[in-house]
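Shared between the two complexes below is subunit A, which pairs with subunit B and subunit C, respectively.
For the complex of A and B:
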């Protein structure tokens, strides 16, 4: 057999064999004593937990206990799926506990027949399953004034990705029949804040759906159990959780949430309302802020790219502070409006440098620098921050967030 | 706007609006009183649990406490991902609790350099992420003598699907350099049974990998934490869990597990060893055994198709006991050696019938009937049972497992 040795471990990698002569390995094929029986199979444990050695955790908090949320630990992410238990969360009035057998969805307004649906009704309709990312419009707003976050969880942790299953809005709207000149759809959540957003009707009739399942099981409470809206590629808060009402109308509602919290300041005292799309963005999740390289040698650079406007067409990596760029490998499947895992082999020479990634989507749009973003969004336009993230590598291997 | 009413709910669906006049709906847009604040955001809860209303459970058991496992509740499955907590499990000596900082992997035999790798070493290598199903060779063996299982969990619950992330075997073997005339690779698990299987070297150099992550986080203990082999499309037990040793050799080892438990009786007193591939198979998960249709009307038929030999090219549905067939819709992405969700719209006329699905993969192979399988495998050839599953629909809507 042809051998094509790569020597990823030639330099810099901790080699546990250093203490053992190779000849000893060859003779002792057992090395580790055989185990006795493992933990007994308890038939009452019907849902497997994580290992007690795994501690990956959301960074969760709230100023007043009700508005706030939790950041996904992207530094520990692998592949493209976010475990449902680690999916980011943003709440405006805590997490309601809803009995699905009592939950109802009203669809009314410019429809031929207004209806109230139970969960049982909705589970009977034709369904779709799609992988999509969700990202908070404010993901990275804390970075606007300078590199504040220590880890990628702090800088980028308000984006996550799941397989969602539910009923297309167009199926429900066609069921009831739309009438008149419908242009917008109001989506209202059943939380204490009664979160409400206006969604353009074209999006509802395109790829939006009402999801009841995430990653193969019913939604977790923080993700809107028993029902949430998925508006693929649009800012997170429009994917209204615990949804209880849809109203078809001919103009946007200008709700509290779209007038204030999710309206975006722009230069010359302008305000941009209805910033639908989360534009193309990427970030290196490993190595990233707070990690430390263990000497020169091989490291796999790994990260995530995504675009709310389409499909990631390429992610480029620079390991010399943006002077030169190389294409990263995209781990398939590469799907629209979905996280895409990228990887890139890198041999660190042990010298101080800065590593960064930039994403281009299939509309031709490329992720901007902070300088470009400042010109576009002005000094307080901190929402929808999709600027290129730089990680500084010090000579001792320490990784920090820099601009 | 053009209206294209579909009337999925015209007949047979429970309509909660039956109690309400439509005009009342139009005037009362609130209907459900607004909630007060939800549950406070507790910053110490850093991993989200399921809703207390969700009880989907593995069917878990063991005759002696150590060999046995758990069946995935496929009747509640949505999309193609199985939640890690509900992934099926089969164990030969319980579940070992392994500290990842102490876990070691020895690679030896026909290699230039024999090495012991720590988990820290392995996490430094180039990684891949792929969606793959795993299926136990004995999935459905209880069905061989007749339709015994009441639910699809009992008949088909030893198959599940995840996104796995890890290091390709070819990367590690190229790192050490293979020598001589290697033909096989021994994989040994670190459970009490020291599960060992011989894997052909061509498969190791093709798409096999050592996975440390499942669905975006480290493996759960029952899935081989901290490290398992993934041999895409091959029978479940070859995907050795808690892997501690790989030996490169020139012939198969004929281990206990491959001589006995996982050797397959065939007609004329023959035994087939090394039944690698799990062949193309499909099953309707909804409606399925134990469910009851609520009167005539629209139902979405939904299920899973998969093939260890390639990619699902089509799934066909019959709602008249196999007399006529129609192509189901495949929910993308349709990936090799991966569960594929299929859906098919069906209007039940309220008459007794039988519904079934059959899968064809891109090798041209089509899932066989039980009659065809009996001829092929003989009376006790109950492993690798991928026969077509029939669900009988009684006039009262009750669904049962039939042949």
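For the complex of A and C:
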């Protein structure tokens, strides 16, 4: 019955379009004819998809299917927000499927009142929403010994930026009342590996929060649904996903991840412990590796700057291999511990050159060169690689990574 | 009523500042959300090991037990000689970033094996097996030179890993030593 009526309507609409088309022809107009009506509104499609012409995709992979992740296609990013479906991901034990009605968070240890919270409980607390970038400590690890990635997705794709909404840890810890000499929290995920990291309590009391939403909707499974920790500006691994437990203690736990993978070797056989901050960094996302300029002329250089220690105060651009620098425009909003989009007008004269960007944050810290990084980290550093990225522009317009 | 109430708050505030400093103590309103739980319930969730050994379970395991489990359940990915099998995404446990010798505390090794390995079936090892695997890996990587090593809670706690004093807090890392004063 219903379908019949729709058919009828469709037929009627088709007829009136035909009439319109006829009268247009009669006027012998030079106007490009209308497309006619678009796709019928399909009420069975309740979550809209992208245009079939837009193909931006994560680069996803894992040798064993459980540890690994996916890189964000920064080369086509605009503005500062990463669509949730393109947000980078790194996993140590796959992506668990969790029913939010069964999920529980335990907070215990050095608190007066040890409590379990359901998701329903957590949604009742006063909430906050903040835009923050998340970056894997290993973003650009492969570039440490020399240029390897072809595109900015490969060289820098383990950083993304979202609006996160949830409950401040401060609110929860005050609700329970911390006691004794609390200095650290253990955060534990509910993935197969029960991933654990130690978080300093001053950070928990400062700006860390438990997020249940990202960009206006509940978290995506690979982003920790139904609950994840957001530790603004600190290395991605600490932003524990699928969080099930927080223990308040007086010492760090020195968990596996903070000791091996995420502790940085230093010169003289030393190891840098608890290197949490993702320091100021920037990269030109367009034009970038793998693209080709279509002859001399105007191009807008566009990229992202961010700092885990504060707010981006300036980004400088060099289009002559670092000989001279000019300030780029920062596109608002410019927020703390957040991706900041910068742009810079550029007229390419058709000659071979190298383009690069460097970022300074409001603590006065400026993004280092690889030479400077080597002095600090030694040749085996790898993690926390925030060095300046150079793109080579060949005479034919071809852009390549020279690091 | 009101006066009496604020007096109680003052007293609590002083008491708190004695132990914790006024830093985090606030008189925030309590929302009364969540369910209070006791030790029995907490024990169902609390599986981590502190560096002072708190949380290490009963049981024990020796190198022979560890080697047997390793061959059946771990070598597939980590390799016969701990060299790592690239195609399985596992790196060498002998050197570099994933080096077991790098760990400052053996409690972390036991904890990680028991919580996260084997990768495809985490959480299935018994406490004895996890102690045995810890013993096997510490002997194989040359941390402890005793082919008959048996480990239990007391002995894991007592191990001083060779790298413990090499962990530094780099001032340039913007993470101050204050945060670690009790390490």
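The definition used in the following text is that the second predicted complex is superposed on the first by the 371 of 403 C-alpha atoms of A that agree within 3 Å, B and C clash if a C-alpha of one lies under 4 Å from a C-alpha of the other, contacts with A are read in each partner's own complex, and residues count from 1 in each chain.
Operating definition for what follows: contacts are C-beta pairs under 8 Å (C-beta built on N, C-alpha and C of every residue); 3 or more make two chains touch, one makes a residue touch a chain.
It should be emphasised that the depicted structure is a prediction, and the values quoted were computed from it without experimental measurement.
*Asks:* Of the two partner chains, subunit B (first) and subunit C (second), which one does A:362 touch, if any: first, second, both, or neither?
*Replies:* After superposition on chain A, A:362 lies in contact with neither partner.
*Asks:* Could you say whether A:108 touches subunit B, subunit C, both of them, or neither, answering first, second, both or neither?
*Replies:* Touch partners of A:108: subunit B and subunit C.
*Asks:* Between subunit B (first) and subunit C (second), which, if any, makes contact with A:62: first, second, both or neither?
*Replies:* both
*Asks:* With both complexes overlaid on chain A, does A:247 touch subunit B (first), subunit C (second), both or neither?
*Replies:* Touch status of A:247: both partners.
*Asks:* I want to verify the contact counts: of subunit B and subunit C, which reaches more residues of subunit A?
*Replies:* So, of the two partners, B touches more residues of subunit A.
*Asks:* Which of the two partners, first being subunit B and second being subunit C, lies in contact with A:309: first, second, both, or neither?
*Replies:* second
*Asks:* After the superposition on A, what does A:117 contact: first (subunit B), second (subunit C), both or neither?
*Replies:* A:117 contacts both subunit B and subunit C.
*Asks:* Quick check on the superposed pair: does A:335 touch subunit B, subunit C, both, or neither? Answer first, second, both or neither.
*Replies:* first
*Asks:* Applying the document's definition of touch, where does A:78 land relative to subunit B and subunit C: first, second, both, or neither?
*Replies:* A:78 contacts subunit B only, not subunit C.
*Asks:* Based on the superposed arrangement, let me know which partner A:260 touches: subunit B (first), subunit C (second), both, or neither?
*Replies:* After superposing on A, A:260 lies in contact with subunit C but is clear of subunit B.
*Asks:* Give me the intersection of subunit A's contacts with subunit B and its contacts with subunit C, in residue numbers.
*Replies:* Touching subunit B in the first complex and subunit C in the second, residues 62, 66, 68, 93, 106, 108, 113-117, 121, 124-125, 171, 174-175, 178-182, 192, 194, 201, 244-245, 247 of subunit A appear in both lists.
*Asks:* Which of the residues in subunit A end up touching subunit C in this complex?
*Replies:* 62-64, 66-68, 92-93, 106, 108, 113-117, 121, 124-125, 171, 173-175, 178-183, 186, 188, 192-196, 200-202, 205, 244-245, 247, 249-256, 259-261, 263, 265-266, 269-277, 279, 309, 376, 382
*Asks:* With touch defined as at the start, can you tell me which subunit C residues reach subunit A in the complex?
*Replies:* Contact set of subunit C toward subunit A: 16, 19-20, 23-24, 26, 28, 30-31, 33-38, 41-42, 45-52, 77, 86-90, 97-100, 102-105, 107-109, 111-112, 115-116, 119-120, 122-123, 163, 166-170, 172-175, 179-180, 182-183.
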